[in-house]
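Contents: one structure, followed by commentary.
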Amino acid sequence: MKDEKSLFINILALLILSFMAFYIYKVSIDTGDGIKITDNITPQKRVADRYLKKNVVDENSSYKFGQTAEDTSANIVTSVVVDYRLFDTTLEVIVLFVTILGFGFVIPKDKRRVLKPSVILHRWAPLLMILMFMIGGYMFINGHLSPGGGFPAGAIISTAILTGVLAGRKTVTHKTLKVVEAIAGISIFGIGIASYLIKGVFFQNFLTGDKIGDLFSGGLIPVFYGLIAFKVAAELSNIYFEFYEEC
Amino acid sequence: MIELLFIPLIATLFLAIFIKNKKVTWPLFLAVNGYVLYKLYSIYGMWSLSNKFDIGYEILGAKLTLGVSNNPIGWYFAFFSALITFIISIFSLGFNQKSKENVSVIWMLIIFSNLGIFFAQDWVIFFMMWEVMGWTSFFAITNARDKALDGAKYYLALSLIGASLMLIAISLLGAYTGTFAITPSIFGLIQVINSSNKIGIVILLLFLTTFLIKSAAFPFYMWPQKVYAEGPEDYITFMSSVMIKYGIYPMAIFIVPVVGSIDLPKILNTGNILQYVIGYIGAISAVLGTLLAIFQTDMKKLFAYSSVSNMGYILLGFASMTIVGFEGSLFHVVNHMILKAAIFLTLAAVVFRTGESEMHKLGGLVYRMPLTFMTFLLGIIAAAGIPPLNGFGSKWMIIQALMSRKMVVFAIAMIFASTGAFMYLFRALASIFLGQLPDRYKDVKEVPLTMALPMLIMMVLMLLVGVVPGVVMKPLTSALKAVGYNVEVASLTVLEGSLKNATIDLKIVFYMFVAGVIISAIMYLFGNKSETVPQNDNYTGGEYPEEWGVDADRFNYSYAFYQPFKEMFDPLLEAISIDDFFASVGRNFEYMSNEVQALFKRGEGAVLLFSIGVLLLILGGLII
Amino acid sequence: MNSIVFLVVIPLIAAFLSLFLESLNKATMYIVTLFNLIFSLAVLMSGNIPFNVAIGGYRAPFGINFVVTDITIYFLLLVNIAALISITMVKNIKEYQFYSFYFVLLAATNGMVLTGDMFNFYLFTELSTFAIAGLVAYKRDRLSTGAALKFLILSSTASLFSLASIGLIYKTLGTLNFADIAVKLSSLNQASFNLIVILFLSSMLVELKIFPFNLWVVKSYEGSITSVNMFTHGMLGTAGIYGAIRILLIVFPNMYKTNISTVLIILSFMTVLIGEVEALKEKNLVKVLAFSSMAQMGMFMFGLALGSFESIKGALYLVVSNYIAKMVMFIVTKQYSNAVDSKNYNDMKGLGRKYPLLAISFTIAALSLMGMPFFAGFWGKFSIVVSALATGKLASIGISLILIASVVEGVYYLRISHTFFSEKDVNNVNISRVYCLVPFVLAILILAIGIYPSYVEQVVFNIIDEIKNAPDKYINIILSLK
Amino acid sequence: MTKVFIFSSLSLIFVGLFGVLTRKNIVKILIALNIIETGINMLLVAFGYIEGGITPILQSDLSIANLNKMVDPVPQALVLTSIVIGLGTTAFALSLAMRYKNTHNSVSIRAIDEEGVNI
């Protein structure tokens, strides 16, 4: 593409960017009153402090490891993602849903040549897939204890499916994926509504009383993560299937 | 009071429903106009009538109430407008039998806005009615015909610009005087100006520009000829006689009192600067209108420019800032209404019968349409300001007023314009009705009764007002007295001038004229008789110009009637033409349009422009 | 009133279900939209306003919350009514994706209006962006693909800017809640505040169609079907306006102390000028409407950027007027262009004579957009003019330019309605009379507001009142909840 | 360390912006967008970072005692969301780009949309 060499645009862009950079520099050295962007604010002055201390509901409460608290997820990032700001996460699932839907909608369905998978891949794919499923499962089951969670788990599971597809193995049908996706999606909101019916508040973590550090702790967090994992897996797999559908 | 506004509005609705049925709409239109006329007649003298509506809208921290009230000057304008409108609507009854389009709905809406303007109590309702008039006129002029679109667009653009200026003026007025009501705002504005606040002058000039636009005065003199040439003829009659006065009314109630009582530097001890501004605008309009009218070949355009020059006279009367000049101007408003309506009705009749409005293609219609001819004759005599008819008195008063204030330049301009008026008026008469009848109009007949009747009424009116000016001057002077001007109620036939011993009794003038008519009739009866030859024998010398591929009409004597005169004035007219300016504005807009369109067509530089926008915002942020 | 979350949840569930419902999708669409409309009406009637809902049971600055105040509920109604009117234009659409996109858009626009959390707002904006991009691409031809792609690139760049802004807000203030930000912003220094506002504003202006940010508008209006145009205008546009009012006036009111508002004034009257001048030359009716909606948004932004309560009031009137009028115009455009199979308005001659109701509605809408008296737009124009002239030199120049531009608008709109009424034989054209009724009712509404603005005035007064007393009426409601 | 993180992420953002502004190839633009997005994500994480901080995961009572030393968990949660959004945008835009290639026979953003037949 010849146009890419346009000197004028390049210089203009450089000017714009240098101006922006200059502005950011200017802001960072500003000596006004009040908090500044360059100030080092510790979490203690932010809302995160209450998340760390797990005392959002009752300001004076404190907790101990192995005891119960208002949120019993040991991984505090998880507790923010799936408990304190659960609604964001559900929307994020919808974002993925809608973009993948759009992906499937606009992608041109023309014929593509599919290479025959190598024998090695075909043979070893089930083993790989089982391993991947296991890792994925571990990810979302342990999301509240260690780094991980529904999204990486979903991605790993979908990779397993991709491996299966590439290996020419029968995995799941497109229809099944759609059903899984919808059921997972509806269940996430279903649990939200159930919480409304039980507690009168949407998306509340209504399974309480478990202990920090246990495998079965964090209330609904593993459930949500599981659903998210399946949904993400289904959606990402959908991408692969969109390519293979017409073959 | 309020039913005066509501009846036309409801009538509009009915007219809209029956729009396809001409047998219903035009009689209904006539009936409503008759009702309005009667109602206006019945509320004469009841100056305390008023209605207020609370619409629950707040502006400048106060609740806005819209009010209409009966006021003397407004009544004066409204009544005579309604009278003329009523007569025109009789004419429309016959005129619209053939036409496919139906302008009555929009026209009724205009009448509604008309009444609203004249009875508005505050500037907001005045503005609202004013705007209604703007866009309704657009639809009335085009009347769903494409050929009228250009003129209508021009008119619409001008009136929207005018309305925008007025909106700014009203907002400033409200902010600086704290009121939107018309009468208190006069005193408020005088105070603002006298406290040497420049914004007051700005407000005044903005208002003045708006009103000048509507009354087709000098810089905005182009729209009448564009509009009148193409609009539906009966509506154009209304427009040229009645609607063009809408700009005069607010000048009379607002500009004149304010300009008359503010302290501004004076010129030659005769009047302040603004007075001279108005005067020069008036003088230029009068002279320019006359000059341009002389050169037109289309009769409707000719009389369009004649309107411009008449508006000039009215402005000159205002510029004198004397009570005689003021009375003269307001008297001329009615006179011009009557005579312009008469003239345009005859033009409409001619177009109705011949379908032609180029003057050199017409001629000799006096033999076929004698009544129309008579009306036209009286109309142009009145327009030229020759005594027994109505144009004379008011012009006389205005010149008197100008002379008494020693505004000699203006008086000369006015006399020049009046004299020049003879040239174009006679030309129109000669080209349309006198001379030879072209063969294609052999079968033209006189107009039907419904159209003849209004013309008759117009003739009577012109004579009546000409001989007995009291029928107009009495209501006018009592209205002015009711408003608070120091005037005597006029007598029936005598007009008071402002110079020493300057009174004129029009009764005597009439007697002299009658004597003159009798003498000329005797001369006609006993003089030589003329001989009739076919038209082409006369001006093509027996040849057939069509054979050479030339239009025979070009050889008609009335084609390019005043060519030498025109060559004399052409450089001047070119120099002052404002039309080029508007055209260049339009061209520049189009050029800009192309440039930006390319931007939106591709959409490729979206992010680039986005970041430029961010830069602009950053600039705002950097300048703390 | 925790059940307010249903407004978002039900459409989202419907979006999932739409994968399977196939022919029932259209019915679901009506049911869900009606549910949203009736629910928001019920909330308005219930008399519980204002209230605050903590989702997940965590109180405001910590959890995500939905707030319903006067502003919210009116805009909620506007969004849902627009949705209901727009879906009546949906016909013969088989692709389930269209319905899914619609449901997501409905949820997202409702959520944008309801949410009280910055990041949540950002997410809803993203959702609506994706949904609109998908809907714009619905025809999947050359035009709509290009339009959707360019819209997506522009809006995702913009969204990255707003993400950066949210990051900065969290870094400096340590909170993401609107109310909490509004309280804490006073302790932020000016330069940092400016940076945050600039980043956030620039992403918001994309949705508000302000000039250098609005290159997507015309393309996507031109490339998409009428119902999508109405979604963009009535739902996304209204929600964007809500965002502007909420964020500029309540969260970032300090912006008016900086020169950013001055730049906004300049940008907005440039938008008006460009929009009007462009529309003058355009023959494609849909593009005319696109340019004109740009211009209207410019006018709205002008009112907002002036920052006085008078001008905000005017801006709100303009919102109402533009909201109804554009809806009418889109419907009329659709009916007429379907009838003659062309979008050029010169081909639509004579249709106004056969179907006068549509043409009259169009004319009324046009007059309202021009700001003619006795139509809804006038009150907005009047208020803005009055307050702009009182503000200062720049605003006065701006308003003069805007008024001159509105002359241009008048000329092209009335030319179009003249074209509708001019004479041509149109016997072979057929439009269902039922479709004439909807725009006519809306047009009557415009007229009613124009003649007797009292009811709208009440609504506008409530909104202004909330802006004036933001600490009492918005911030404390959220932060006081335990 | 925080400054290094912030500086590097800012440079990523600017590199990406440069790409978006100057490139005409849609795929390149999308890559550039992804670069910006990565930059922003890094920036967000850097905002939550404190010198010598520890991961916000409770392992024993000891970590509860060290709550003050933990890095801010909220930016990480936000980044998690924004990554997914970025993924979605990229997927959607790429499929649109494929359709674009099909209809316009070009991947240049300068290809004219209006003319030509619908494919």
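When the chains are written out, they are named A, B, C and D in that same order, and each has its own residue count from 1.
Following the convention adopted for this analysis, a residue touches a chain if its C-beta (ideal position, glycine included) is under 8 Å from a C-beta of that chain, and two chains touch if they have at least 3 such contacts.
Quick caveat: nothing in here was measured; it's all calculated off a predicted structure.
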Quiz item: More contacting C-beta pairs: B-C or A-D?
Solution: B-C
Quiz item: Which chain lies at the heart of the structure, taking centres as C-alpha averages?
Solution: C
Quiz item: If you take the mean of the Cα atoms for each chain, which one ends up farthest from chain A?
Solution: B
Quiz prompt | Averaged-CA centre spacing for the pair chain D and chain A, given as whole angstrom | solution = 14
Quiz prompt | Centre-of-Cα separation between chain C and chain B, whole angstrom | solution = 44
Practice problem: Find the geometric centre of each of chain A and chain B from their Cα atoms only, then give the gap between the two centres in Å, rounded to an integer. | Solution: 74
Exercise. For chain C and chain D, let me know how many angstrom lie between their CA-based centres, rounded off.
Key: 28
Self-check item: In chain D, residues with contacts to at least two other chains
Solution: 17, 20-21, 24, 48, 74, 81, 85, 88-89, 92, 96, 99, 109-110, 113-114
Self-check item: Touching two or more other chains - residue numbers and ranges from chain A
Solution: 9, 12-13, 16, 20, 23-24, 26, 43, 46-48, 51, 85, 88, 92, 95, 98-99, 102, 104, 106
Exercise. Would you pick out the residues of chain B that each touch at least 2 other chains?
Key: 603-604, 607-608, 611-612, 614, 618, 621
Quiz prompt | chain C residues touching chain A - in the complex, by the definition given at the top | solution = 2-3, 5, 9, 12-13, 15-17, 19-20, 53-59, 61-64, 95, 97, 100-101, 104, 107, 111, 119-120, 123-124, 126-127, 130-131, 133-134, 137, 140, 145, 148, 168, 170-176, 180, 186-192, 194-195
Exercise. Write out the stretch or stretches of chain D touching chain B in their complex.
Key: 17, 20-21, 24, 109-110, 112-114
Quiz item: How about chain D: which of its residues touch chain A in the complex?
Solution: 2, 10, 14, 17-18, 21-25, 48, 50, 55-61, 63-64, 67-68, 70-74, 76-77, 80-81, 83-85, 87-89, 91-92, 94-96, 98-99, 102, 108, 110
Quiz item: What residues on chain C touch chain B, complex-wise?
Solution: 146-147, 150, 153-154, 157-158, 161, 190-191, 194-195, 197-199, 201-202, 205-206, 210-213, 215-219, 258-264, 266-267, 274, 277-278, 280-282, 310, 313, 353, 367, 370, 372-374, 378-379, 381-383, 385-386, 389-390, 399-400, 403-404, 406-408, 410-411, 414-415, 418, 421-423, 451-454, 457-458, 461
Self-check item: Complex contact set, residues of chain C against chain D
Solution: 119, 123, 126, 130, 133-134, 137, 140-143, 145-150, 152-153, 156-157, 159-160, 163-164, 166-168, 170-171, 176, 219, 223
